[in-house]
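When the chains are written out, they are named A, B and C in that same order, and each has its own residue count from 1.
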Amino acid sequence: MNALFHPPADFEAATAAALDDEALIVDLDGYEGPLDVLLALARRQKVDLLKLSVTRLAEQYLAFVRQARTRCFALAADYLVMAAWLAYLKSRLLLPRSGPAAGPEPDAGEVAARLAFRLAKLDAVRQAAEALKARPVLGRDVFTRGDPQAVRIVSHRRLEGDLYALMSAYVGQKKRERDRCYRPAPAQSYPLDDARERLRELLPDLAGWTSLAAVAPAQRDSGPRRASLLASTLSASLEMVREGDLEARQIDHFAEIWLRARKVAA
Amino acid sequence: MSGPADTERMIEALLYAAAEPLDTADLAARLPHGADIEAALKALSARYAGAGVELACVAGRWRFQTAADLAFLMTKEREDPRRLSRAAQETLAIIAYHQPVTRADIESVRGVQASRGTLDTLLELGMVRMRGRRRSPGRPVTYGTTDAFLEHYGLAGLGDLPGAGEMRAAGLLDLDFPADFAAPDPTHTLEDEDPLEDDDAPQFHQDFLGVEDGAHRGS
Amino acid sequence: MSGPADTERMIEALLYAAAEPLDTADLAARLPHGADIEAALKALSARYAGAGVELACVAGRWRFQTAADLAFLMTKEREDPRRLSRAAQETLAIIAYHQPVTRADIESVRGVQASRGTLDTLLELGMVRMRGRRRSPGRPVTYGTTDAFLEHYGLAGLGDLPGAGEMRAAGLLDLDFPADFAAPDPTHTLEDEDPLEDDDAPQFHQDFLGVEDGAHRGS
């Protein structure tokens, strides 16, 4: 474990490491958090991750963060927390060990070793992911029988469905229940402007009395309902009556309404 | 690099994975140029002769098929339902989370009438059982899940059913879901439930008919 | 009438006609009683070794599949597989190698919060399933891989995961970080999960119900 300790303070080397071009080109978008950065830096040391120099890694990381901050000021908090922690760890690693550990803190070398171990773990998982990807994958590298008609035997012994399916089914219904209750489809209305425009176009044909029902457009499968078509046409016609272009008449309450173009006074 | 043996292997793989029989032109189009397809088909045919699967040429197209004398194996189709219908899946979910529930409860959540077959399927599969009767007018039968249900879903107990937190974590609850959405606690026992009596068992549907005859005196 | 050769032929035909991999129990149900299935599978496997179509064991079940080295021929058959993001790929690997794992475990190995969508995608694809709950405070849900995962990657079982043995030997599959491990873990500070209480009493469901019912103990 003591091998993990670096020789005592060598600040010049530290500065050099931070400045030399070993420092990564900062591209935060490419990284998924501080651990990812640390792993990328650690791999550059080209040693077994468990024999990593954590002091050097800390320096590189701090240089990375410094550089990142000059570019984008708002570096995510994770990166800064890790930086602070590594700065502290580094200082403890560099301090000569003086007698029994003071205070309850764990041995710095041990903490460093665990960081290295954690990186090794992430690295192992990455490699595992690659190894999986490299396997012959069904539908990409290997294929089962293609003729669906030839396929007749089905294994019946397994009931499909897992908890996720069960949860999805439950939530799906709850959603539908909610939608059922709170979302009546809003009725579409026939715009007044459209009704007026249409009436104006129809004016030449309205020389004789014509019923409102006949004047209003017919209902289509989609679009406004009949009631809206009638109402908007009536409103538009009343406006045109006011403007002197149209006459309207109704014999009795609730009776049919008749419309006719007003004869232009010659 | 492709000798006759390679061509044979390639044709074998192509015919196996193809969705329909292939003729020699189809094969030629997909094989390296210059492959001797006729010879390879002959060799392949000889290799498969007498096996459980045979190479057959139908109307100039080639395909693998199971040997005719083994047709008797293929006729056995068992009819156990193995994929739950959506209705069954949903009904099961409601029973799991809301148990004990009555048929009317299920219908009120699903918004549709529970078809008779759905609940029967679940009962037959042993996923669902009748638990008791609710102390309410008509004394409807209540349903709950079985041990087989727990086993199938790998749950130690009903308390292990995923809750709202997990649903959210699994991305199932979108943002416009009420923040206070909570899945009900299936371990909760309602006090208004009576145990089933012996003569209840076979009468699955009696409860819905409303023909409660007062035979059940247990209050 | 059925000698070993017959059994071999029958299994060959059954697997050819099967819509999905079959296990020995599936086969046994369709074969004459007393057939030595293991031996026949072995013989069949040997007979098909090196051919264009091979016998493979995936998720403990058997299927025929085209030889991997002939993938280049299968341009027509190739489905456009949904490509997993790097995060999903890694998450899948962690679940596969470390299972059962909780979401927090995954985050702790990856060092970042699991982005919404990663785990859901895997769940939806059917590669990953919820396995149960860990017996620890909060009783978090654990995840594992499915048979579909094994089938997709052509693995006979979890023991065949590439490199798993070495990783285990190196201790890289242990999930428990020592209690005094002090590296900052962003995933723990940004917790937006359920408010888990540190109460480790076996109070199921407290995590999402928020209502403690003393009632169910009495009944």
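One rule holds in what follows: a residue touches a chain if its C-beta (ideal position, glycine included) is under 8 Å from a C-beta of that chain, and two chains touch if they have at least 3 such contacts.
Values in this document were obtained by computation on a predicted structure and should not be read as measured data.
Participant: Write down the pair of chains with the top C-beta contact pair count.
Facilitator: Pair with the most C-beta pairs in contact: A-C.
Participant: Would you identify the chain whose Cα-based centre sits farthest away from the centre of subunit C?
Facilitator: Following the centroid criterion, the farthest chain would be A.
Participant: Taking each chain's centre as the mean of its C-alpha atoms, which one lies nearest the mean of all protein C-alpha atoms here?
Facilitator: Centroid comparison flags C as closest.
Participant: Starting from the mean Cα coordinates of subunit A and subunit B, work out the distance between those two points in Å.
Facilitator: For subunit A versus subunit B, the centre distance works out to 31 Å.
Participant: Between subunit A and subunit C, what is the gap in Å from one C-alpha centre to the other?
Facilitator: 27
Participant: For subunit B versus subunit C, what separation do you get between their C-alpha means, in angstrom?
Facilitator: From the centre of subunit B to the centre of subunit C is 19 Å.
Participant: For subunit B, jot down the residues that touch at least 2 other chains.
Facilitator: 13, 16-19, 64, 66, 74, 154-155, 162, 166, 170, 172, 183
Participant: Listing for subunit A: what residues touch at least two other chains?
Facilitator: Those would be 143-146, 150, 152-154, 156-157, 162-164.
Participant: Considering the complex alone, what residue numbers of subunit A touch subunit C?
Facilitator: 32-36, 77-78, 81-82, 85, 106, 111, 114-115, 117-118, 120-122, 124-129, 131-146, 150-157, 162-164
Participant: In their shared complex, at which residues does subunit C touch subunit A?
Facilitator: 14, 16-23, 25-26, 29-30, 56, 61, 63-68, 71, 74, 77-79, 81, 86-87, 89-90, 92-94, 96-97, 109-112, 123-124, 126, 129-130, 146, 151-155, 161-164, 167, 170-172, 177-178, 180-184, 186, 189
Participant: Would you pull the subunit A residues touching subunit B in the complex into a rising list?
Facilitator: 143-148, 150, 152-154, 156-178, 180
Participant: Which part of subunit C faces subunit B closely enough to touch in the complex?
Facilitator: Checking each residue of subunit C against subunit B gives 8-14, 16-17, 30-31, 50-53, 64, 66-67, 70, 73-77, 103, 116-117, 119-120, 123, 130-133, 139, 141, 193-194, 204-205, 207-211, 213, 215-216, 219.
Participant: Enumerate the contact residues on subunit B facing subunit C in the complex.
Facilitator: It is residues 8-14, 16-19, 30-31, 51-53, 64, 66-67, 70, 73-74, 76, 154-157, 159-160, 162-166, 169-172, 182-183, 185, 187-189, 191 of subunit B that touch subunit C.
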